[in-house]
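Across the two complexes that follow, subunit A remains constant while its partner is subunit B and subsequently subunit C.
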Partner chain A sequence: MVSWLTPHIGTQLVDLGSALLLLTCFAIIAQRRLSACVDLFALQSLFLAMTAALVAFLTGTPHIYYAAALTVLVKVIVIPRVLKRVIERLNVTRELVMNINVPASLLICGALVMIAFFITQPIIPFGHLLTRDSLAIALAIVLIGFFTMIARQKAVTQMIAFLVMENGLFLGATAATYGMPLIVELGVFFDVLVAALIAGIYTNRLQDAFDSVDTNRLSELKE
Partner chain B sequence: MIVNYMTIAVSLLLLPPLVAGGLSLLITSSRRLHLTNLTSIGTLIAAEAAITRTVLAQGSVTAFGEIVYIDALSSVILFIIGTVGLACSLYMRSYMDEQVAQGVIEANRLNLFFFLFHMFILAMVVATIANSLGVQWVAIEATTLATTFLIAFWRRRESLEAGWKYLILCSVGISLALFGVVLMYYSSLRVLGDVSSALNITQLQQVADQLDPHILKLAFVFLFVGYGTKVGLVPMHSWLPDAYTEAPAPVAAMLAGVLETVAVYAILRSRGIVDQAVSPEFTGGLLALFGLLSFALAAFFILLQHNYKRLFAYSSIEHMGLAMIGFGVGGPIGNFGGLFHLVNHAFAKSLAFFAAGNIHRRFKTVEIDQVHGLITVLPWSALALIVAGLALAALPPFALFASEMQIITALGTSGAPGEWFQSGPRIPVVILLFCSLVAFAGFLARITGMVWGEAPKDIPQGEQWTVGHIPIILLGAVLVGFCWALPTPFRQLLDTASAMLVNR
Partner chain C sequence: MTKEQAILQAIVLTLAQAFVLLTVSPAIVGLVRKVKARFQCRRGASVFQPYADLAKLFRKQPVVSTTTSWIFTATPYILFASTLTAGLLVPAFASQMPLNFAGNIIALVYLFALGTFFLILAGLDAGSPFGGMGSSREAIVASLTEPAMIMSIFAIALTTGSTNLSTIVHKTALLEGIVTDPSPHLMALAALFIVALAETGRVPVDNPATHLELTMIHEAMLLEYSGRYLALLEWASGMKLLVFLSLIANVFAPWGIATTLTPMALSIGLAVYLVKVASLAVVIGTMECMFAKLRLFRVTDLLGVAFILALLGLLFFYILRG
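On to the complex of A and B.
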């Protein structure tokens, strides 16, 4: 622990970072324009990298710095670019049909946050003092990502939702455990990157085959 | 000396698919692609045999400084990967070549297929031998990524749809499993400290009883949901029938026979740790409940199917549910039955998909109503279909009968675990028997309709002998043989593995 930062201020700062991540989740849910969703995702990843770097600084754990740097590289720069290119090529700009409209979605997400705090209540006291509230926020982000996946139909939005879930998981790993073992973290980054690239290729092919990236058009396979 | 020997053996597990995958991208000739593939699988199996011998002698082995951990349970899974992989490789020799000859697959995309196939096998091997639960997660997610293009390999609209569904559902499911891994690490950190080995199975097993039960319970729920999606347990199964229908037959065989098994293995691994801190009733109850749910629901879907590939897909859900019941009930018989059932199911399901692949290539349809008179059109495949169908309906003299009997016996004697089943063993057993009767009726009705009857006029008759028939005959023989007698080393392996699962 760095001397001039009392543990109290450190905790507050980490909590602030986690809260910002959660806030961007709500913004993504409320946003209809796809390119703005991508920007928000990039912003969220930036907050994530900052929070992770903060944790690394406060705890003096060097390998979290690597993870933070990788987050900037993969999730702030590479993946948003891929997504932007996909959106450009597909010529889709807005999420037109929503299974669940924005106000209802926001309410449900609020409920999900409460559920996340409820679930993690019994296990939070075991965590590190510095970051223990972040675990609940991390679970909330994962659940919101999961919900976005169900509530939105465009393939691109579903991809963003998946990446948001991944951000939540990463926050959980950083917050609860000061980072996973480095080999695992590298592997997770590799998987996420490849998944995003594959999904990008898929959206192109779906566009060619169905003339649409609405996943509700994907209904040829039925019982 | 023994250390060096193991290092070589483990490298021989990992290097062949890696090298073969790289080579496949460079080779264009189909013959060489198949040759590389068979060499790679052959080496893999030889390495497995060597490792299994050591495992049986020593109990467990680690290599590369605790990165790799192999015990009897992982050896069983490696055995399934190797044998089903070999069967698929032999079958692919005739299947893929014909697809290329017919122009279904462009010749220049064949090497991509093999590359992805090798990566698929590599990821599964890594998931099986990884000591760290984190690395295991990474490898299982990698299997999703490797197979998604294999499923969509035909690039039709339906296959793209199936591939996308598979990618999204499994990635999301498995993300939840990662949260479980994070929680597992969270609990172990307090005991082991912030070391990178704190996720290693070898370390966790030693300190498992000191871990916090609350965190472990939550972790197991997330892991179970995540890997359960990959296993195809109800209600996370909806990707599975689509993917199996659209995937090329050898890929479907690998998915059904091996990938599901690897996902079950991942669940069993974390269960082994959780059970030491939490009462086994908790994990056992979850496994048995979702197993029974999958078994019952799939049995009724089998009754409704009009597409033979979907029929086999639902039967996969059914049998995985059954194996889960076996593991959930536990005890020596339940665990042995569960493991044995995994092996038998892998064989029967690959046989079924090989037959389905042959039928699909000749009849060009997956509709059961349009396939008749298989016995005159494709006599060998008809026989394979009958054997696979009866085996999957768990009739004697096929090995699935033996394993299903073991599971039902275990359920009947010790009853289902957990608070879900307060009523005693009778009701679950009745449900199980009734649903297996339903599935049996569904299978028999569909298969007899396909095998007998008058063949459509425009379908050419007669079946040429190909390399692809070798695995079909061998698998059929093994399915019958395993019902009567298990080879001693294999039996020993299963016994050791199920004993490991029991003593918790």
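On to the complex of A and C.
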């Protein structure tokens, strides 16, 4: 362990990493261009991997390193490429109509952060891990991802929101217990990868069937 | 030090700061323009061109429409005075401002708001449709930036335990009493930067170089002005830019500022201050070239982001107390 890296500064760096994760969530909400949303998701995953690697370094737990490396491989490289290819095939580059518009979404998400903070407030003081403060942020990211799935209409952005939720869960697991066992992480990564691939194919099918990736069309019954 | 000496020192320091604000602000405007010109592969006017422009405008005879009221002729003076007063509340090269008893960071926000309010009235006063349109847009932008600015300022005030700018800058410069994470500061910095762009009429929100009817905000309100009135308004908007840059530079990175009043510390403080604001001006010039102006109705998205960032800064102070 490097001498200047006291546990206090380590905690601050982990907090900063989680704050950056939350920041990219808000950037995704404010962004209308689909390809920029994918880039922001890749950036968020990169921040997540960096935070996880930092936690691994501070605590000396090797399996978080593997999880961080897998995050870079799956969420920074593979999934954004898949999503980019899906977007290339679509005839839309930006999301113009939303169920809830951008300023209102931003305010609601601000409120969600507050809710997450108040929910975790009674639990956090009992924690003794150096990552405990990130729990509130992890919960906030999960809530925001969930909200974004409701607020957006395009299948691609709903997909990204789902992945953002997964990032929040990963951060939560790291914050609460220094990560899940490696076998669980591996399973989750595999699930997420397959989910992204399936959703990519599903989006293409949606495009072929309705000439649009608006998921509201799915509520119409078709012979 | 006797009481008389202390008072004399305070007066000299205040006058020195006023002098720096007045003389440096046109150069900052010139620097932003020069950076933009270089990025657009133009040679561009000299950095000192705004001084010549101001001197020329002061010599010209002002033309005032007969339909205007006293507000039209009073506004340039009110805007100039309120901006200069606001500038004296922000520490520039010395961390302890003699005028810090006169107002804190909230007073600063509302001194700017006073100037904006009169500018909006003056835009309507001449009765030209462009002026009215500019006023209406400025009112939208001003009402959206104000909460973001107040929130980001509160986020900073919480971390240092004071709303007094001199105390905030002094404490941060000496690194005393700073116990929290960098995250609230980071969020507040991002929010305040967006607010600064919006308030000083910079590119994603307004374009200071255009006189195209459909897009202008700040320029539309100044359309009816000429001569020394226009010179005062231009000078005031340059000063507003400089005050925002000083605020960002000294609240978030005050290191190098003179914390004592020795001649050595003051001269180092002044040199560091000039370097800091000049580099921020280069950043702003670069950003103006990188981004396109937003449609007016998309400005709410950007300022919404600024508000949320500031709110997050405030929340992080409580969430991440470690």
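Here is the rule we go by: the second predicted complex is superposed on the first by the 214 of 223 C-alpha atoms of A that agree within 3 Å, B and C clash if a C-alpha of one lies under 4 Å from a C-alpha of the other, contacts with A are read in each partner's own complex, and residues count from 1 in each chain.
Just so we're on the same page, contacts are C-beta pairs under 8 Å (C-beta built on N, C-alpha and C of every residue); 3 or more make two chains touch, one makes a residue touch a chain.
What you see is a predicted model; the values in this text were computed from it and never measured.
*Asks:* Per the contact definition in the header, classify A:162: touching subunit B only (first), subunit C only (second), both, or neither.
*Replies:* The first partner, subunit B, only.
*Asks:* Of the two partner chains, subunit B (first) and subunit C (second), which one does A:37 touch, if any: first, second, both, or neither?
*Replies:* Neither partner.
*Asks:* Looking at A:182 after the superposition, I want to know if it touches subunit B, subunit C, both of them or none. Which is it: first, second, both, neither?
*Replies:* So A:182 only meets subunit B here.
*Asks:* When the two structures are overlaid on chain A, which partner does A:58 contact: first (subunit B), second (subunit C), both, or neither?
*Replies:* In the superposition, A:58 contacts neither subunit B nor subunit C.
*Asks:* Can you tell me whether subunit B or subunit C touches more residues on subunit A?
*Replies:* Looking at subunit B versus subunit C, the one contacting more residues of subunit A is B.
*Asks:* If you stack the two complexes on chain A, which partner ends up touching A:26: first (subunit B), second (subunit C), both, or neither?
*Replies:* The answer is second: A:26 touches subunit C but not subunit B.
*Asks:* So, A:8: does it touch subunit B (first), subunit C (second), both, or neither?
*Replies:* second
*Asks:* Hey, which residues of subunit A end up touching subunit B in the complex?
*Replies:* Spelled out, the residues of subunit A in touch with subunit B are 61, 119-120, 122-123, 126-127, 135, 138-139, 142, 145-146, 149, 155, 158, 162, 165-166, 169, 172-173, 176-178, 180-184, 187-188, 190-191, 194-195, 198-199, 202, 205-206, 209-210, 215, 218-221, 223.
*Asks:* Touching subunit C in the complex: which residues of subunit A?
*Replies:* Going through subunit A, the ones touching subunit C are 8, 11-12, 15-16, 19, 22-23, 26-27, 30, 102-103, 106-107, 109-110, 113-114, 117, 133, 136-137.
*Asks:* Residues of subunit B touching subunit A in their complex?
*Replies:* 132, 134-135, 137-139, 141-142, 144-145, 148-149, 152, 155-158, 160-165, 167-168, 171-172, 175-176, 178-179, 181-183, 185-187, 189-190, 194, 196-199, 212, 214-215, 218, 241-242, 245-246, 301, 304, 310
*Asks:* Touching subunit A in the complex: which residues of subunit C?
*Replies:* Of all residues in subunit C, those touching subunit A are 181-183, 186-187, 190, 300-302, 304-305, 307-309, 311-312, 315-316, 318-322.
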